[in-house]
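Chain lettering (A, B, C and D) follows the sequence in which the chains are written, and residue indices restart at 1 in each chain.
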Amino acid sequence: MMKKRKLFFLLLIIVVIVIGFSIGPARKKARQHVNYMTAVDDHPLNCLSCHLYTQRSGFLAKMINASYLSPYNLAVAPNGEKLFVVAQEGNALLTIDTKTNRVVDKIAVGTQPHTVLISKDGTRAFVSNEWDDTVYIIDLGTSEITDTIKTGNGPAGMVLCNNETTLYVVNSFSNEISIFDLNTKKERKRLVAGNNPVGAALSPDGKQIYISSRRILPHKYRTPISIEITVIDTKTERVTERKILNDAYLSENVSFTPEGDLAIATLIRPKNLIPSIQVEQGFMMTYGIAVMETKKNGRIVQLLTDQPNSYCSDPFDIVITPDGKKAFVSSSGADIITVIDLTKVRKLLAESSSEQLKQYANNLGVSSKYVIKRISTGANPKGMKASPDGKYIYVAERLNDKISVINTETLDIERTIDLGGPKRITVARKGRRLFNNAGHTFQKQYACYTCHPDVGEDGLVYNMAGVGMGRNVTNTQTLRDIGDIAPYKWNGHNQSVYKQDGMRFSTFLTRTEPFAYDDLDALVAYIITGIKNPPNLRYNPTGKLTDAQERGKKIFYRTHTNDGKEIPPHNRCYTCHPPPDFTNKRLEDVGSLAETDDTIKFDTPQLNNLFNAGPYLHDGRAQTLEEIWTTYDHGDYHGVTSDMTKDQLNDMIEYLKSLRDAKFYENVNVEEEVKKYNAK
Amino acid sequence: MKLKKQIVIIGLFVAAVFVGGYITSCSNMPANGTIVFTRVPVANIDVEKAIPHLFKGANLQAVNRMGKSGEGENLTPGFYSACSPQVSYDAKHILFLGQKTETDLWQVWELNIKDKSTRQITNCKMSCNSVCYLPGDRIAFSKKVTDKKTGITSNALFTINMDGTKLQQITFHPHNDFISTVLKDGRILINSRQVYPKKGKVKYLAMRPNGTKAELFYADNSAAIYGQCVNEANKLIYFTEQNPTTKKTDVAEVSYNRPLHSKINYTENIQGNFYWALPLSAEKMIVSYQSPDSKNVGLWNFLQSEKKISEPIYNDAKFDCFEPVCVKPFQRPKKLPNDIVMAQTSGLFLCTNINFTETGTTQATKIEILGLEKSLGTVDMEKDGSVFLSVVADTPVRIQTLDNENNVVSGPSEWIWVRPFERRGCIGCHENHELVPQNIVPLAINKSAVIIPVDSTNSKKGSEITKVSEMK
Amino acid sequence: MDSLKQNRMKGVNLIIIVLLSFGLFGFSPGKRDTVSKKNKNSIPDTGEMPVYGNWKTFTKKDGLPADKIYCVRVDGDRVLVGTSNGMAVYENGTWKTYSVKDGLAHKGVLSIDVSEITGDVWIGTLGGLTRWSSGSFHTFTQLNSGLPNDIIYSVICDGKDVWVATGGGAGHYDTYSDQWDIYMERNAPMHEPWTYGVCAGDSKIFIAAWGGGVIEFNTKTKKFRDYVDPDEQMELDVFPDDGVVHDITTGVSYAKGILWVGTYFGLSWYDGAHWKSYFDHDSGLLSNFINYLKADGNVAWMCTDKGLSSFNGKTWVSYQKNETGKTGKIIVTKGPRIAEGAKTKEVAATSSICHNFVLGIDFNDNEIWVATSKGLCRGEKIK
Amino acid sequence: MKHKYQALFFFLFLLFSVFVVSAQEKKTNYGNTPDEVIPYGGFHKAYIDFFDKPQPFTGAGREKPEPAGLKEIRIGYLGPLEGSVMVPQGIQMLQGAQLAVEEANKKGGYKGIPFKIMEHNDVGLWGAAANKVVAMNDEHVWAFLGSIDDINTHVALRMTLKLEIPMVNSGDPDPTLTETRIPWMIRVIGDDRQSCYALSEYIYKVKKLKRVAVLRVDNRYGRVGIKEFREAARRMNHPLVLEIRYAEGDTTFTPQIQRIIDSEPDAVLLWGNAKETALALKQMRKMGMNAPVFGSDRLMSPEFLKIAGKDAEGVVTTCQYNPNLDNPKLKAFQKNYKKRFGMDSDVFAAHAYDGMNIIIDAIKKAGLNRAKIRDVLTDMKTFQGYEGVAGKIIFDASWNDIGAIWMTEVRNGEFHFFPTPPFTSGKVACNN
């Protein structure tokens, strides 16, 4: 009875609200509210945009959202009869019969699986679970997980070698390669890779492994960037070479020609050091490949896949046909597969001077010499594999839950395999597609994803050319888990994601037509609801702090310096960085103002998961957390740290690295923590 | 509590569906596929003189594509002359240039297809001579302008609201600019030809509708561009051009993706001259064609794959047929945002390396900025070859590079200008237009921009634009 | 604690008495027998002790970036040399120098070690710690990382762990977890965080602490213990063999269960139960001033300011350059100490180490590389 | 455990007593140590004395030719200039050095090339002093003067052997500083050993006090500084009744003082910086603790007098020099210093002046070669007995300055200087 009455009242309230909003003065209020949140005066007065699609939990959230599969990488059985697809969101390994094009098996794997390998005899699958720090060994006969191997942080690409007795796993978050003895399932050693390594490829002779990496190597502030391709000798199990790809980043994958003479990696060539004053003439981003001669002192040539007015954004995978004649690059932000004629690439390499080869890296026209086709696909093509006979290329359309099958002769999509994900496209899914697609920038030069790979940040410092050209350089910020931490932007000018991605965004960043409002709704819904951080398995897997972290926490909450002086409240760590988000959501001055900054105060950034979010500070001048205080805080503006001993600073940083998602700190009472950690 | 909140939201959702349904209503589409073209009493065509295409005594003629030759309807019966039809994106209106009487100036008019009514949009003191719809509520057109100081006459582009208000000039160089079309990326494609200091070749420039970032789109020194250009599905641009030696005009195509190096001539093996091309599909197009034995230019179907003229659509010996357009809704180009600030009096210009040229590197140490009348000063480059200028807005300048002894190393360049608060960059001087900048911090931007014209009494470097503005 | 010391003292008693007795009877510990002319060039029997000769010297003239060589490390077929002006690498008979412009933290290279697991070279400089991995340099400094201090007196690799001795404490870097620990006066038994040398062995890390003797860290239990000079006096040593000879230690090396400790005041030997002290006046040790020492199997090599001494607990073999020319001498002392009947013989050598101020040493099967104040030299095993 | 070995020790003592006694008559003990307080001196001759003769430097470097074309002769200065309570002392030290350099430059510098001080602040992040020595090496200094703080001086010293830079210390009285055997540093100021011996002699022998409680700062200065006093007290058969610590920067000392009162001392020895010791003294007097108070050299400062006020009366401290001596050199220095810097010179300025003059002299004598400069500084001849403005410098074999120091007593709000009492050779009173 009570329940019914409650419900009745509720409905009554709703009706009153609806009527009120439609006609009465409430409409004016609603208009004002929407205008404020969107920073425009013509956004439709649709409450649902913000209040329904951005629901993050509960019944409604479940109703409006759907669980997609999101195929990411795949493998083909040695006999070509089966296809194994890693469903990144579905946390599953899907088996597809390539004759019937049907999903015949679905094996649950760990969280956010990354890569699948199939043993030569086709009996075992190896799946790296990027957010679980494990590799599953799966018996494909019984579909059972026979072994779980503990890896480093963020296992991604893998290679089987030495007669499949050795497994190399790329630990993408902890920047290493783990080498496992598959007989004992024990880790033999770890080698240092580049920054955020991901893709791995074994040379045809089995002697070398190349590993691509995404984030840039440490470098002097505001100087040209580079990434590393790590070369490992499988006999000595040591890194033999660190190939440097200059002016590039986000190299997702690498592949060898069947002859083994060339290794080709995908890459992006960003223009972060140039003022972002225009998009025309490739002033923001270009995309391409690095062709590496594998012989000693071999050349490294970077070739673009773009054209002067059209860009192939966000290349992900590269597959070379078994005959070595063609390479396929999945341009995941442009929804195309770029087909490269390797014979023509070889010819170009043979007939070009070294000066010419250097220039090709910045030449949008040269792709016509070797790109023979651009094949349109479904949304967000990611991993690819060639069938053993070389007749087909299978493409995982991540945001389409489908596998497209390209005929390598006709270079057309011959058929599409539906993986059986939800048929409807939710608002957040639409937003995710928009996020990943470059269609909303001028000449499709870049997607949101380009600078925010995996919705995080790309670790680059951009010259956003706010006023003039050399001013206001800014460090890319993560978009993960930012629903509760408005305002946005380093200068805190944006009170909502709506405003952030609104008109000014299009005027000065995408430089094309702004998002249509329903697109904007979708994008906002995705950003607000859809994005999780990877678990902080590296520094805080269980929530129990290490001794050093615990000591560091004490420093974080301290109210007095080592010599007993009281630290003014505004200068304590927890004042501006209180849990759960470790931000007070206000603008603060931590003495980081540069001569080139227009704003004096900066939005206090959240500290959750900051351990791999370098560089730090608004303009990214601090390459490491240490540098924030050792190099860029003269005068204790950024908290009082000058009295700290080195080990105390180390401890504090260990604590900061331990910070996980905000949800773990929702019930933390700051007062109590302060009391607890300042007790004598 | 959570449940409560969710029920409120469901209620709101239901309400919104109702409101939405009320607001949305469908409208009728106009007849699809009608071809409208400029019908001109036969005259000798001189390609050079045919730009601008103000055809005396012409009218807009509508024909059914499948209909017979010679039939059709005069859409501009009340005009002495009418030409340059442009169909709106919703295919409800046609923009055209017209004069009611022989002595009237040519103005921009709009025709309502449904009721054939017309309304005048511009009221210029000079004849308008090319026109197009812009995404949004404005149109662009061109007309003659004369520089007050130098007396140089050229043809500039303007934009204006559909109601004839807020006229704005958007090109500022001594060129004869005519609108060709609006690219799907939102930029205006301009048929542009330098008139000062000497006459140049016709080139296609692409430029944002607010007059910023004008850059070379297509040029071919071996041919004079002629004819209106159209694009289809954002990929291919068609136009006609004249071979300077044989004087034969052909239909050519370039790819939008790489216009400078993708030209295909479709008609070089067909005798006769082609003056216009209107692609209808990947297979078919309509061309304005005059066979060697014909006295007039007719509208013909053309099969691209076979490179073959098929049957005529409209071929009347008394008339030449130009400027065919198809009345059917089409994808609106992007509406590009406007980043200029009219309150400013200058814009910024960055060259990342003045010694970077198409032919290799040069050894210049500074640049000289040339105005229409005189030099606006010289500026030393930074070590890396970069220069950073604050140039008075809406004023044409050319740049040449100099060595230490003030000898010209390279240049002068094409005329360029910046709009108020425009920030634009170039990679080098006379650089290969397909090159992108090297990712380094140009040293010049670490200092304030040098104000152009350089104040000879005070060589100190000036300040940048000071208006605080956000970036995203 | 006390009872422990007592036990040790018992063993020491006899030695002291014997030693002092010799002193009383006028035995001159500094005096050495010189080999008679006729068998001048025959090296006396050294037992298991190897003897090196055929010295070849490398200096700036040969391609080294400086003559002052701080350290040397043999890495397979190549030799890594830390100098005051960069790191030189000797490979295939040629020298190549790496310095700041290549990515080295500082030109002054004090210490080098190579990770057995990864082959990465860890370079301790005067301005930070540099990892040189397959051609790429990465530098850790006290400003950009958890490194305690930028002056790296000693660096060693122990499995996945890298240890450094610095003036700001002993730093431990876990290459897997990317985490730094600093051990200093507040969390380890030291008075000051000044550490000078570090070595590893048998799941233990030994740290030579300047003024703090030797600190032992058990990597399994994470527990510390310290070894200090029992007499607590800086200016003298009351009893030999009662513990580490001086609290100011300059180097530690551990091999075959023996910990060798170098100081500027003499040499200490520790087998886990007993300490022994060796001084220049009572043994074959060339000088009490030990810049560096390194044990290789049973043999410890002491780099002193008066030449190079090697000792396996039984026999001393020392190498000294003559004041002029390129010749030198090999000094063989049979027996650990004069008090224990040690007898010394000198043999003239046609070649010698390049300078007597020895700063570093490393070896491979048949070669020994010696870093000195003026040049680097290589000796071949001749016995 | 020790008594178990007394029989042995006694035996050894008998064996050696003859030699020991005869040796004492001929030369000064290491560190000017009174016989009575020689470690283990009561019953056992050490197996080895480390500082019986100077440690030679046998490394290369003397062969390096003098560089040509120098525009300035750089000499390093390492001291507290920013971010430390010792900055006033650091500035005095710098000014003393500057005065020496300016005077030398007036006389033509080095062969007409002026000397130049390269200033380095030794206060900074973690072990900065050593890093500053590296920086000085990169600047090609020929020698450097430094520092005051014992930790900073020690870490700097460690670099001198690696980099082979001569170092002259004029401000750190830490006894262990000269006990490392690094043959690249000399000290030209009396160390805390001298202070401890003087105080112990004065307290126990002159004043005949027996029960001494120590209140000291809990840092290296307090710990190492007091060590020799503690050991001397023990060897004089008057072990400390209490040694209690306070943290640097403390302002209240009530618990410590209460414990001192409870220990019923005859005298209190304060070892710390002027400010804290002055505050402690005031509070002590307030709490009714009226025993005589003695203090380390850092109490000898205007700051101490200012804070302690009347309570300072009667406090006896040591001082490494006597500013009131009627020494024309000293008077001239004091006059010139005041004229140049507008303030009175203090103990750090005077010793820095001497230290810098020694460096300049050494460079002039040895030429531009660090090893040779070192040789001159350490040869125990050139500067042995050097008459500086702060007194006569006498080096022992560790290059520690064991020349005379002074004592002061506060009377009528002023420090009155008097010589340290001569060491009386008391009977061996205990066996350790």
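Note that in this section a residue touches a chain if its C-beta (ideal position, glycine included) is under 8 Å from a C-beta of that chain, and two chains touch if they have at least 3 such contacts.
What you are looking at is a predicted structure, and each value in this text was computed from that prediction instead of being measured.
Chain-level centrality, scored on Cα centres against the all-protein Cα centre, points to A.
Greatest centre-to-centre distance from chain B is found for D, with centres as Cα means.
If each chain is reduced to the centroid of its CA atoms, chain A and chain C end up 49 Å from each other. Mean C-alpha positions place chain A and chain D at a centre distance of 61 Å. Centroids built from CA atoms put chain D at 32 Å from chain C.
Each chain gets one centre point, the mean of its Cα atoms, and the points for chain B and chain C are 79 Å apart. Shown for chain C are the residues in touch with two or more other chains, namely 142-143, 148-149, 168. Chain contacts: chain A has residues 630, 645-646 touching two or more partner chains. Which chains touch which is summed up as A-B, A-C, A-D, C-D.
Contact residues of chain A toward chain B in the complex are 7, 10-11, 13-15, 17-18, 21-22, 46-48, 51-52, 55, 58-60, 222-225, 247, 269-278, 280-283, 286, 307-310, 359, 362-366, 368, 442-443, 463-472, 474, 489, 491, 493-494, 500, 503-509, 511-514, 598.
Within the complex formed with chain C, the residues of chain A that make contact are 152, 174, 176, 189-192, 217-218, 228, 231, 236, 238-242, 244, 538, 548, 623-624, 626-627, 630-631, 645-647, 650, 653-654.
Across the interface of their complex, chain D is touched by residues 563-565, 630, 642, 645-646 of chain A. Listing the residues of chain B that touch chain A in their complex gives 2-4, 6-13, 15-16, 19-20, 135, 185-186, 213, 215, 255-262, 334-339, 348, 350, 352, 388, 423-427, 432-442, 445-449, 464-472.
Note for the complex: chain D touches chain C at residues 1, 4-5, 8, 12, 15, 30-31, 39-40, 44, 46-51, 55-61, 125-127, 130-131, 134, 137, 151, 154-155, 158-159, 162-163, 175-176, 179-182, 220, 223, 398.
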